[in-house]
Structures are given as structure tokens and as C-alpha cells.
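Two complexes come next, and they have one chain in common, subunit A, joined by subunit B in the first and subunit C in the second.
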Partner chain A sequence: MVHVMVALLPGIAVHVALAGWQTLVVIGATTIAALVTEIACTRSARDLADGSATVTGLLIGLCLPASTLWFVCLVAAIIAVAIAKHAFGGLGNNVFNPAMAGYAAVLLAYPALVVEFDTVSGATALEQLAHRGSTTIEEVSTTQAFGAFGAANHEWVNLAFLIGGLYLIAVRVISPLLPLCVIAGIGITAFLLDDGGSSTSHGSPLFNWFAGGTMLSAFFIATDPVTSPSNRVGIVVYALGIGALAMLIRKYSSWPDGFAFAVLLANCFVPLLERIGRTRTSTS
Partner chain B sequence: MSELLALFIGIALVNNFVLVQFLGLCPYVGTSQRLETAVPMTLATAFVMILTTLLTHTLYNFLLVPLGLEYLRIIAFIFAIASVVQMTELYIRQISPVLHQLLGIYLPLITSNCAILGLALTIAELPLHQAMVYAIGGAVGFGVVLVAFASLRERLQSEAIPRAFRGTPVALLAAGFMALAFAGFRGMG
Partner chain C sequence: MLERTTRPPPEYEPLDWSSAAPTSILARIDEAGIVGMGGAGYPTVSKLASGLHYGTEHVVANGVECEPGVHADRSLMRQHLSQVIEGLHIVGHCLGCDQLTLAVADRETYRIFQSSDIADVKCEIVSDHPANGEERTLIKSLFDQTIPPSAYPSQHGIVVLNVATLFAICEAVRDGYRPTDRVVTVLDEDRWVDVNTSLSAFCSDESQMRLGSVATGTIDRGDATIDLTTNAVAHDRGKLTRACIHCGWCDDVCPRSLPVEAMLRSQQSTSPQDDLEPHFDACFECGACVVVCPSEIPLLDWIRQGKLEASARRLKQRALKRFERRNQRLTQHLSEETDAREARIRTRHEW
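Moving on, here comes the complex of A and B:
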């Protein structure tokens, strides 16, 4: 888990540098709330050593926008650690990714407070794509929410998380198969949905790789060893599914980004994928 | 064609009977303890859904509407649903007494599965081909979440789960998080 925290650092640094010091307050609030909840649930500081609560807190903080109120941070962290993890039997028994369960819960409970606004450029590129009326992609992409190749600011944050993710692969904390399949899933879906730039187009694969939470989700969230399948077939289906679902939610639903929901949806089917994987290996 | 696909996805995922409309929760919690009961329940419910759609749709458009008796639709539909369920139960008892025993009370209870009456009331005024797509989409949506939930519940047997949460409470929490995940489809279609 120390490696995961180290790998998150470049992303956090770029995120804070571009979106302002308030993001540091949000990340700090969710992390401290997650740690306190962890201690309250286990009634000891012993379980803190595994670092899982810290990582959960950091991930929630990175998903929430800088303007998030303190109690929203608190609610997200408590739902993540106390309900999504400890009510299910603690680390190793939880079915749903704790960080995404906490984040999705506050997204649904306080939609007006967790609207993703970028402190630098106003609405983010994905927000603008979701609520743009009939403007074409060229017209939208001239606004300052769009960067050189991805979403403004978010492209650099995504690049930093990509570097952190490659570090995790280099030190063998995660295998490259899962994140690659997530990236392939969103890339293929974006490519199939991209019609060149009409008013319903949602941008190229390159744009979608470097917008919203793509790299953070692919390398740090979807790879959670507890809530992802363990067999190879399961991993491929799970990861491609997350990428494809996230892209479909980005384009067709009323949410700007879809990774939190895509990960939770994929979590619902992990036990089934494990079962299919087991029967396949036992018959071959 | 794309209109029918939108209808199918709309009822199977975006407005899923169980996780978004909260219809049919009794079999969802009652028959999901094991995959061995969830899969037959899915098939039986799908069978009943499709057959009752045909029956109630015909009943409504060729009997109730011409006679001006639309206000009797709830009674008429319950009657139609009950007969189809009775038939299904007799059939299952004949072909597999073991399965009949496994499903127990939940088999006749398909009659009072609110998803089926809800379906019949929703599709009554649609054209028949749309009604059938709606029924198939509803059955697929119900089956997918029931089977996923059953396999998920088999994982919730850990000794580490706090005593207060063991059994049904943790299953309801899991169902809640599944509904949270399905909220991601909001606004689609």
C-alpha cells in the first residue's frame, strides 16, 4: 500500500497545483475521516498498518471537487469505510469498491453540492459535453474547458496518474492486464461512438483517455485486488466492461463521468465472473 | 428498430424493475440465497411475464376497451396473472418435483409479484410489438440482477461480518449498493 500512496503522489501534486489548495483540504478531510472511521470500526489502530483506509480516503478526496463542503467529505468517507467495507466483514470480504461506493453515494445524495466544477476554468469539459445542447464538438472544444489533447487541466492530472500507474506496474504491485483492458474498453467504445464531430459526438479516444477520471480509475480504482476478479478471463471481461460502461454513461446518461458507477456495476458481477472462471478451469 | 432497442435498454437497465422502480422485491430477497433457486425463479418469472403480457394485452384491448370496462383492469389482470401462474406451477410440479420443492412458496407468490402487475398495467395501451419488447426487457433486467445478486450473496457468508449484519441485513446493504450502481444509467435512452 506504501507503493500505491507513492504512486498517487505525482497525480495529487498536479491536481493540487492546477485546481488550488482547497483540493488539499478536501483530500485531507476525506483521508482523516476514513482513518477515524477505520479506528472506530475496528476499535484498534492495528488495522491502520495495511493502509487501505488511507488509500480509500485519498481516492475519495481525488474524486470530489475542490468546493466540496466538509460534511460531504465526512459522509462519503464514513459510507465507504463503515458500510461498504466493515459491514461486509472488513478488508478482504467487501464486495463493492469502498471509495467508489462512498463517492457515488454522495453524488446521488448531494448532487448540487458535488457538481464537478473546475476552480480554474469553470465547468469541466465533460460537464460541457453533457449539457451542450446542439453545439458540435468543434464549437465546444474551442472553450477553455478543453486542453491540448484532453480536458483542460485534467489532461495533466491524467498524465500524472498514468505515470504513477506505470510505476505500480514496474514495482509489480498491479499487473498490466487489468488497466490496459480498462483503457482499451473506453478507447474502443469512444472510437465506435465517435462520428467525427457532430452534435452527438463525445470526442475521440485520446480525449476520453485524458478527461475525467480515466487514468485514476484504470490504475488505482479498478485494480483493487479485493473487488476485482482473480482469474484471467474474469479480469478481461471486468476491465473491458468498466471501460465500455464508463464511456456509455459519459455519453448517454445525465452524469458527466461514469467511472464510479461503471466500477460499482462491474463489482455486482464479480462473484458471477469468479464462478464462471472456476468452472472453466475445473473442466479444462 | 432503434426505438425498440431504446425501449429494451430502458426497461432492462435504466428503469430496471427491481433496482430502480423497486418492484418485485420479495422474490429478489426471498429466492436469492442460492443460485440454484435464483436461476429457475428467473426463468419462471420470465415465462409468466411474457405470457401474461400477451394475455392481459389481448384482454384489455379486445374485451375491456370495447366494452368500456377499463376501470376493471386491475381485477382482470390479477385474474389473468393468477391463471398463468397456476399453470406454470402445475407444469413445474410435473416436470421437476425437486425444483417445485426448492422454490416453495415463492412459486405461487409470483402471482403477487408487483413487477408483473406493474408490467401489465404499463403496457396495456402500447402497441403489441412494443409491449412484447417491454416484457422481454423487463424479464431480462429482472433475471440479470437476480442472478448477479444470488452469486453475490453466496460470497456474503464470511465469519468476519459483524453479527448484527449477518444474513439479511448485509444482503439488503448489497442490494442498496447495486441500486446505487444502477443509478449510473439515469438519463439514458
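Moving on, here comes the complex of A and C:
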């Protein structure tokens, strides 16, 4: 888990550089709230050593925008640790990714408070694509919300998380299969939905790889070992599913980004995927 | 590094093995009480007698020491390579076989072997996967030959002996020593240890000790002693154990492709799954799963427990079946007796 925290550092640094010190306040609030909730649930500080609560807190903090109010941070962290993790039996027994459950809960409960507005350019690129009326992709992409190859600012955040993710693969904390399949899922779906720039198109695969929470989700959230399948077939289906679902939510719903819901939906299928994988190994 | 404590004087007459008959060499190995020092403890004389009976094409010195954190055999080979090779020659002479192979997993030993100009022994280097030290896996990677589980390799013309066993054979045959000590990796440091040394001699504090490597050893219950098969002594890391996070690394790394995680879950739950029983028996305790586990769960302890429970369950089922058959027999006997008596009564009435 120390490796995961180290791998998150470049992403946190870019976040702070782009959105200011408030990001640190949000991340600090979610992390401390997650740690306190962990102690309250286990009634001991022993389980803090595994680092899972810290990582949950950090991930929620990174998902929430810098302008998030403090109590929203608390609610997200408490729901993540107390309900999504400990109510299901603690580390190793949770069905849903705790960080995504906490984030999705506040996303649904306080949509106006957590939908991200970039401090520089107003609405983010994904936000503009989701609520743009009938403008074509070319007209939208000339606005300030778009960067050199991805969404403005978010491309650098995604790049930082990509570097952190490659570090995790290099130190063998995660296997490359799962994040690769998430990225492939996004890429394939984006390619199929991309009709060359009409008013319903949603950008190229490259744009979607470097917009929103793609890299954070692919390398840090979907790879949670507890809530992902442990066999190869399961991993491929699970990860492609997350990528495809996230892309479909980006395009066809009013939510600008869909990773939280995509991960939670895919979590539902993990017991089934485990079963498919096991029958395959026992018959072979 | 390797200081040998004073040993009792040789118990037997030194033997000129190059002119001795195989039977006298076997007799010496038998009376010296040499057993497989790689861990199995199989009587070496039985293995060699089987090799002699079935005919042997290859003798392999197994220096592939792949248990995590164990390097006793490696140290032995670095210091006493000539005796190990002589032991290999003795076995080759005894079995009438000149295809001698030394298998190692580390480059350093390989290099030492190459620079020592031994002509009639082949040295093979294999990868250091935790499973490769096991003899069937080793035979598979050296000769691409699969030994069926029901047979011993010696029945298929291949005799595999651990390098420490070969060293003991050399000392017993050439010099007349009975093996009373061996190299053991004690808390990551190799040294000569006398057999029957208590494990508590190495323990400085209250922590639990493991007889064997940190991954594959068994927990000391206070009465464990070093014997000829012990290759390591380690501290238990049990206090660091955390919850299973279902990462599946143990399943991926298992050389037998066993569902390790499911086996752990079955053992930890109150109702063990019966269909996992053959998997427990198939585990040969290489410890690869323990090494990769990010939560540092002593998986092998759980699996050994599962093995014991499985065999206890089988014994119980057999006893139950026996009991049921006996009951059936008794009731049948009783009913036959009753029938006979009734028949007798009836006939008397008629009479």
C-alpha cells in the first residue's frame, strides 16, 4: 500500500499545481475522515497498518473537486469506510469498491456541490460535451476547456496518474492486464461512438483517455484486488466492461464522467466472473 | 563462515569405494543411517536399492535450492563441492551409471563448478522458481520426462539425490563418518548444526520459531529439534498477518495450478468444501503462495491443516462404512437366526 501512496504522488502534485492548495485540504479531509472512521469501526488502530483506509481516503479526495465543502468530504469518507467496507465485513469482504461507493453516494446526494467546475475555464471539457446542445465537436473543442490532446488541465492529471500506474506495474503491485483492458474498453467504445465530429460524437479515443478520471480509475480504482476478479478471464471481462460502461455513461447520460458508476456496476458482476473463471480452471 | 564443531571419531572403516562392490557401499549407507537431506527424509539405501534393481540411466545431484531465504545447500557446495561430486561418483559407481548431472539454480555455484574442471559431471542451471527443487519438477525440466504420481523416479531410471545427502554419502563411505551434523540456514545465516539440537537454542526472545524456511517451515510447539532433513530455522512472521484481499496471486503462482485462495476460504469458514479435498492432497508444499501473499498469510499452515482434516475425514468415512457394514451383517445374521428359529418352532408344531 506504501507503493500505491507513492504512485499517487505525481497525480496529487499536478492536482495541487493546477487547482491550488484547496485540493490538499479536500484530500486531507477525506483521508483523516477515512482513518478516524476506520478506528471507530474496528475500535483499534491495529488495522490502520494495512493502509487500505488511507488509500480509500486519498482516492475519494482525488475524485472530488477542489471546491468541495468539508462536510461533503466527511460524508463521502464515512460512507466509504463504514458502510461500503466495514458493514460488509471489513477488508477483504467488501463487494463494492469503498472509494467509489463513497464518491457515488455524494455524487447522487449533492450533485450541485460536487460536479466539477474548473477554476480556470468554468465547465470542464466532459461537462461541456454532456450539456452542449447541438454544437459539433469542432466548435466545442475550440473552447478553453480543451487542451492539446485531452481535456484542459485534466490531460496533465491523467498523464501523472499514468506515470504512477506504470510505477505500480514496475514494482509488481498490479498486473498490467487489468488497466490495459480498462483503457482498451474506453478506446474501443470511444472509437465506435466517434463518428468524425458531429454534434452527437464524443471525441476521439485519445481525448477520452486523457479526460476525466480515466487513468486514475484504470490504474488505481479498478485494480482494487478485493473488488476485482482474481482469474484472467474474469479480469478481462471486468476491465473491458468498466471501460465500455464508463464511456457509455459519458456519452448517453447527463453525468459528465461515469467511472464511479461503471466500477460499482462491474463490482456487482465479480462473484459471477469468479465462478466462470473457477469452472474453467477446474475443467481444464 | 562455516565452522564445523568437533565431531565424534569415524565409526566405520574407510572404504575404497572405487574397488568396492555395490552391496558393500549400500550396506555402509544403510548402517550410517543416511536419509534424504533435501527434506523428505526417505531412506537413501531404499532409493539406491530401487535404482539398482530397475537400472539407472541418470544420477542427478539436486542443488536446486528454491525455498525462499534458504541457502544451506549453496554454502555447502561452495565450500565442499569436491566431496559432493565425489558422493555423486560413489552413487554412480554403485548404480553402474556414468550419466551424472549436478543441477543448480544460482550462477555463482555454476561458475565455481565450471572453474573446477570436473570433466565427467554435467552441470545444469535451472530457474529458481520455488517449485523447481522438487524432484519430479526437476526431472521434467532436465530430461523433459514426466514421472507418473504412482511411481518413484528410481523406477524410471532416474535417481535424484540432494547435494547434502551426497556429501554425507561421501563422508560415510570414504571416511567412515556417521552423519551427525549438517549445514542449516539459521535465521538467514548458514552454519553447521549438530542433529538433535533444540530449536530453542537459536531463539533469543519469545518469538515463535519455524522448523524450516519462513514460508514452508512448521511452527515449533516447544519440542522441535534439528534432524538430518532440516535445512533452515526461521522466525515466524505470524503477527504480521492481515486479511485476505482476494488478489489471486497465490492461484497464479501455484506450480500445480491449485485454487489456493478457495482452499484458504474453505479452511477459514465453518463448513469446509469437500470438493477441494484432492487439491489439498495435490499440494507439495513448495511455499510459492506464502512468498507472494501481500497480506503475509501463512497459507501453508492452513493447507497442511486441510490435508490433516481431509485424511481424518477419509478415515472417519472408512470407519463409518465399516460400522454400517457390520450392523448390516449383524441384522442379517439376526434375521436369519430368527427365521431359522421360527422355522424350527413351526416344524415342531407340525410334528
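Quick note on the criterion: the second predicted complex is superposed on the first by the 284 of 284 C-alpha atoms of A that agree within 3 Å, B and C clash if a C-alpha of one lies under 4 Å from a C-alpha of the other, contacts with A are read in each partner's own complex, and residues count from 1 in each chain.
Rule of thumb we're sticking to: contacts are C-beta pairs under 8 Å (C-beta built on N, C-alpha and C of every residue); 3 or more make two chains touch, one makes a residue touch a chain.
Since the structure is predicted, the reported quantities are computational estimates derived from the model, not experimental observations.
Novice: Classify the contacts of A:Asp50 with the two partner chains as first (subunit B alone), second (subunit C alone), both, or neither.
Specialist: After superposing on A, A:Asp50 lies in contact with subunit C but is clear of subunit B.
Novice: Kindly classify A:Trp255 by the partners it touches after superposition: subunit B alone (first), subunit C alone (second), both, or neither?
Specialist: First partner only.
Novice: For A:Val226, select first, second, both or neither according to whether it touches subunit B, subunit C, the two together, or no partner.
Specialist: Touch status of A:Val226: second partner only.
Novice: More residues of subunit A are touched by which partner: subunit B or subunit C?
Specialist: B
Novice: Considering only the touch criterion stated at the top, classify A:Gly90 as touching first (subunit B), second (subunit C), both, or neither.
Specialist: A:Gly90 contacts both subunit B and subunit C.
Novice: Need the overlap of the two footprints on subunit A, from subunit B and from subunit C, as residue ranges.
Specialist: Touching subunit B and subunit C on subunit A: residues 90, 92-93.
Novice: Which residues of subunit A touch subunit C in the complex?
Specialist: 47, 49-50, 52, 90-93, 225-226, 229-231, 278, 281-282
Novice: Using the touch rule from the top, collect the residues of subunit B that touch subunit A in their complex.
Specialist: 35, 145, 147-149, 151-152, 154-156, 158-162, 165, 169-170, 173-174, 177-178, 180-189
Novice: Okay, in this complex, where on subunit C does subunit A touch?
Specialist: 242-248, 251, 257, 259, 261-262, 294-295
Novice: Which bits of subunit A are touching subunit B when the two form their complex?
Specialist: Within the complex, subunit A touches subunit B at residues 83-84, 86-90, 92-93, 95-96, 101, 104-105, 108, 245, 248-249, 252-255, 258, 260-262, 264-265, 267-269, 271-272, 275.
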